[in-house]
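Submitted below is the structure of interest, expressed as structure tokens.
In order of appearance the chains are A, B, C and D, and numbering begins at 1 in each one.
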Amino acid sequence: MLEALFYIFAAMIIGSAAVTAFTKNILYAAFALLFTFFGVAAIYVLLSADFLAISQIMIYIGGILVLIIFGVMLTTNVSIVDIKEGFTGKTSFIIAGIFSAITCIFFIYLAFKMPFINHAPKDVKLPNDSTIKPLGKLLMTNYLLAFEVASVVLLIAIIGAAMIARRHDD
Amino acid sequence: MQNFLGLGPLTWITFLPLLGMIIIFLIPSGKDEKGKETSKQLFRWVTIGFTFLQLIIAIGIYLNYTAGMTGINVEGGFQFREHYNWFTVTGLPMFGNVKVDYFVGIDGISAPMILLTAIVCFVASFASFSIKKQIKGYFAMYLLLDLGMMGVFISLDFFLFYVFWELMLLPMYFLIGIWGGPRKEYAAIKFFIYTLVGSVFMLLVIIGLYFGVHSFNMLDMMDPLKYDPTSIFAPGHGWWRNVAFFALFVGFAIKVPSVPFHTWLPDAHVEAPTPISVILAGVLLKMGTYGMLRINWPMFPDSVKYFQCFIAWVGTVSILYGALCALGQFKVGKRDFKKLIAYSSVSHMGYVVLGMSSMNSSGMSGAIFQMFNHGTITSMLFIIVGVIYDRAHTRGLDDFGGLANKMPIYTGIMAIAFFAAIGLPGMSGFVSEMMIFLGAFMAYPILTVISGLGIILGAAYMLWALQKVFFGKLPDRWSGPWDPTHKIYKTDDINAVELAALIPLAILIIGLGIYPAPMFNMMNATVNHLVEFVRIGGGF
Amino acid sequence: MTQENLLMIPEISVVILLLPLLGFLFNIFFGKRIGRLSSTIATGIMGICLALASYIAFTKFVYYPDNGMIQLKFDWFTLGPGNAVSVGIGVDNMTAMMLVVVTLISFLVHLFSTEYMRDDKRYSRFFAYLGIFTFSMLGIVIANNFLFMYIFWELVGLSSYLLIGFWYEKDSAANASKKAFITNRVGDLGFFAGIMILFFTYRTFFFDDIFAKILGDSLHGIAPILPFNSGFWLTVAGILIFCGAIGKSAQFPLHIWLPDAMEGPTPVSALIHAATMVAAGVYLTARVFPMFTAHALLFVAYTGAITAFLAATIAITQNDFKKVLAYSTVSQLGYMVMGIGVGAFTNGFFHLVTHAWFKACLFLASGSVIHAMHHAMHHLNDHHTDPQDIRNMGGLRKTMPLTYLTFLFATIAISGVPFTSGFLSKDGILAGTLAFAQLTGNWLIPIAGFGAAGMTAFYMFRLTIEAFHGVPKTKIATQTKENKFVIVFPLVLLAVMSFWFFYSANPIDASKGWFASRMKAPATSVPTAYQFRFLVPEERLKQEEEAQEKLEKANVDENTEKLKKRIHEELEIAYATGQENRDSVEKYKQEFLKNKEEAKARARHPLMAKKSMKDGSGEKEEFLTVFEEKIEEAHLPAMFISVLIAGLGILLSFTVYQFKAMNSDNLANQFGLLYRLSYNKWYIDEIYDASVIWFTLNFSKVLGLFDLKVIDGIVNLTAWVARLAGQATGIFDNVVVDGLVNLIANVTGTLGSIMRKFQTGRVQTYIGLTIVVVILLVYFLA
Amino acid sequence: MGIGLTHYLILSGILFAIGLFAVITRRNAIMVLMGLELILNSANINFIAFSRFGGINLDGQVAAIFVIVLAVTEAAIALAIILNIYQNYKHIRIDEINKLKE
């Protein structure tokens, strides 16, 4: 059952990601991205990472994707309806395709050949309770510094983004 | 003479130009909108001011000079001496500890040279008014040259001597190479390489001597007891000492210049600007003979005796060869006024070499006095050529004639200079030449009489030039208003600045010609000591 | 002579010396501003000098008639203890006489010039130059040492140069001045060499010290100082010093400058090139007379004789008024030198003085004529005729009577007609030559002397007749007028000075006059062995003989001890004076002994006359030598012959030029070769041009080329070789070393340009490449 | 066969390749940004997969949290930059913005 779910969600992720990558219509790409994020969230659930799945949906879909769509709206001349943006060129298309294919094959190769793969447990028992509590503990203990840094980074990023995006004509 | 600010008068007189140089560097060139240098007058007067200060110190040194102190190889015989450690380098491979002193002082040989340098530099700074381009750089170089020359004459440490010696070359090179005539690069490089060859010889001997006495102190090098008996220049190693003497002699002879090392001189003189010619002839040439007296003679008294006849021949050949070449100027190539005087310098410095070869007090005193006199007389001659060059922009003897009517004061001054160069009694040149001849006659009668032909030839070419320039008819191009395009030149008589340069020299020449005793009193003790030192061979 | 009763003679002589210098300085600096006044000042100064000189001469002749020198000596400068260069001034009878001669002639010439140079634009300059000339000439006269003499000798050369070249716009004048200076320098070189020999030996410049040292101890049987223990070097020194006189007194072969020097203004010719400066050589010869050896004297005598004869032959055919006088001057100078050379010292010097008057008179008269001719030419607007050519004159006797009369009288004097000063002095010289010939057998000297005397009479009268007698040959000559008083006055005065009675009451013999008694020949200092026996005073011969006998009689050992002591002293002196390189005592002694033998042998030299057996008879003539007696004997014959010859010359001159009994052109044709030789001055100038001058100039030219091409060529060749080597290494550097570097660079460049392709500037490309590289890294590293 | 680590890794590899392709080929800057999000997601899948199977437990998840944080900041700033670019160039065609080349 879980295997079927994995394959369904994997297909959904790859399909929608491919649409994102290949479609000329930028809005389609954005919507396809929505499905990709959903799929990834589902995969997180399958990996029993409940907190992250929820975060994925909330942050990616509720935050980033909205941001991206806003960006599309702000930067694309909607009124003349030319939101179809092409690729950089045929040559780069082919080269990038080859690159990507090689990368893909390489990762698959790694997935099979990496030494630690063999030491990994085939099936791990899923924890019963939520991961939120231990995660919170970890963040407040072992990863406190990283946590604080991340928060500072976020703050700076917000200020920076506001600064950069500000109109300069005043 | 009191020390001022803890530094002795010799240090002051030597390094004053450095102060002047710094001041000149600090003054902005101040070009106005037309590109004219606005502060050029300031540069000139700063230079004149500093050379004048130098002259005052030199006169002070002269007034406080104690006649009768010996010098040469006696440290107590030097006056105004300052002896500090300059730097010490320890633990060098082969050399061991190298100690270089700032050791300066003057005796009867260097005192007249100090005076001469101060006078010539002061006078030449007036002649520098004719320099029109890159004045800031020029005067900076000029003062640096001044420093180098003074330094050579006061140094008693061989290392210091060499440093000043080389320091002097560089500004000279630029002064000829930048402010010179049409073939300035050729002349400057020729001068530089020629003198550098001499310096190389000197350097080799310095190193050799250093290994002998393990000190750069010149006085130590004159003391046979200070030599390491195993070194090649130790007493007894006659052959090596002769080689060293010869190398040094050649090095200095290039500077003098003696035939056959003289060919840089005509080129350098012809191409150099007037004040530089003045300094070149007035002071630089003396360094060769000064070096011989200061270094060659007392350090290698045994070799001097060995080469005595050879040196006398060098002197004789230089006298006659220089005079004949000067005369030959009337027949060969461009009859250049400056070239004539350059060759006459070769001849006149030949007298000095001849006098020094005599090894007796008359000849030696005469030689030193001749060094001084040649400095003043030739300076005057070159300034005179410069005066006419500024007006006519030519130095060709064929371009002149009949100027006596147009420029009477100039003619009078020129006649003084020319007759002084000929060695007319009543002028200082006569006394020195006479003493040289009297001294040389005691050593080499026949050679002396042969070189006496030089005074006839000297009269011949000098009077010839005098006639060419001043007598006869005025060429057409010399009459009428200033018009360079039609080669008609103005012929206004000498002006105040030029007179300021010439009159002191003329007074000096005539004054010393009538009463030379002050000069001789200054150098007698030293010269007699040197003669005696060389006569006994200095213990080598 | 003590200092207090010298009657201020040294002081006043210094004042005389310096006054003209003062005038010179004043005129050279302020002359232009004060204009005509400068001549007044200069002339006034000369007047004062003349008065002072007269005082000195009077005092000296009256109060100190003996021929001692009153002198001042002082150190000029020192070269250390005991090694001073001393100079000084001195006045003896000869000096006193010369002072008067110089100042008087200078004064008259100044006076003459005030009018003669009136129109010259450099009027004050002329008087300045005259001032410096007088200063230098007086310096020569009162010098008591060789150094001062040489100094003023040269200064005289300078002033002569300035004055000859006074009209330097003319090339001929400029050339002549140069020629004069350089020719004089040639002689001066010899002079200086002689001084060097003397100074080298004696370490002093003073005449009296040198003469005393030459005489040395020969009286006491000790040889003189080296190197004069042989007569050779003494002879050489004498001849070298005489070289100075050859140059300055225009003796053969250096006489060539004097005729050219006539390019200067005529008063200059009178002052310098006739009366005073050229006489300086004679004065010098007289000064150093005591140190001339027999051979040197012979040299001097022959030089004088040749000069006198040669110049006289040339003067015969010259047409330029002043050239004739110039050659006559050369000839007369030859006379004086010859006179001193043969030992007739007094008469030689006497001739100097008398010649100064009448030759100055002749020159000033010629100046007067030329001045008048100039004015006439100016009047006629003629600017081409040569005013000095006697072929343009004639008949001036009528237009310029005073000039004519003075000129005529001076001509008579120079021709040696009795009752003139010229006769007295010339006769004395000729008598001297006769006596000399009798004693030594050199008969050529009197022959030349008498020949020259005859020729002198001939050409001087030729000149007088051509210029003053007959009818005017050109219109200019008719227009001439007598000059103003200031020009004529000196002529008259000088002509009057040429009467005999100024010098001697006896019109035919001056040897008893005051002049001769004051100007006694100084006793020779030369050791007897090297001197004509007849010139050595009896007294000294006697003393020497006694000394010789004593020496021989004395104990040999004692003698040796004495000798050794003496030798030690000598050596000590030698050391003290720096002659440290002298020979050892032993060698010195041996040489001394050897020389004594040689001296004995030399005493039998054929030149030496046999010793006179006559005892000293006269009470005042203590030093009357054989020679002086011989002169007295030869006096009458000489007088007759000279009068006869002069008369013949005058007669011939009148025959040819006055009465035209013989055609001068025909004569010239008949003696074609001789005429051409004479007219062209024996081609001496040409010979010089073709030999010495040609050689010197071409040698200098060759040497100049040698310097330019060979020596400088070698230097440049070295530079060229160095540059070639530099180029070679440069090529190596460029091709090989640089090649390698460039190769690397090229490879890099190529790679770079390939890599450049990847640098698209697009972020995406970079990302792609980064990924590829990361993958590769992971693949290969992990 | 059960779903193991290898599957997840293959999934993330494919997702990464697609994201990379998008990043490299797309002209529109926002599309590039989307590609980046895909890549980050593939990375997160890896982290969590390792957290589940790799024996690193919750540390992987913590890392994923930080990645998400970074993604957020990146998206915010990148969009701000893109807006800025748009203001300057009036377009966001990234291949034409090749100032780096010069």
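In this text, a contact is a pair of C-beta atoms (placed from the backbone, for glycine too) under 8 Å apart; a residue touches a chain by one contact, two chains touch by 3 or more.
All values derive from a computational prediction rather than experimental measurement.
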Intersection of the contact lists for chain A and chain C: D
Count of contact steps on the shortest path from chain A to chain B: 2
Maximum centroid distance from chain B, chain identifier (CA atoms): A
Chain occupying the most central position, where position means C-alpha average: B
Centroid distance [mean C-alpha coordinates] between chain D and chain C, Å: 118
Gap in Å, rounded to a whole number, between the CA centres of chain D and chain A: 6
Inter-chain centre distance, chain B versus chain C - centres from mean C-alpha coordinates, in Å: 35
Cα-centroid distance, chain B relative to chain D, in whole angstrom: 85
Sites on chain C at which at least two other chains make contact: 762, 764-765, 768, 771
Set of chain D residues in contact with two or more other chains: 20, 24-26, 94-95
Residues of chain A whose C-beta touches two or more other chains: 88, 92, 95-96, 99, 103, 106, 110
Touching pairs - complete list by chain label: A-C, A-D, B-C, C-D
Contact set on chain C toward chain A in their complex: 762, 764-765, 768, 771-772, 775, 778-779
Residue ranges of chain C touching chain D (in the complex, touch as defined): 759-768, 771
Complex interface listing, chain D residues touching chain A: 1-22, 24-31, 33-35, 37-38, 41, 44-45, 48-49, 51-55, 58-59, 61-62, 64-66, 68-77, 79-84, 86-87, 92-95
Residues of chain A touching chain C in the complex: 88, 92, 95-96, 99, 102-103, 106, 110
Chain C partner contacts - residues on chain B that touch it in the complex: 190, 193-194, 259-260, 262-264, 321, 324-325, 327-333, 360-362, 365, 402, 404-405, 412, 419, 424-426, 430-431, 434-435, 437-438, 441-442, 445, 448-449, 452-453, 455-457, 459-460, 463-464, 467, 470-473, 515-517, 520-521, 524-525, 527-528, 535
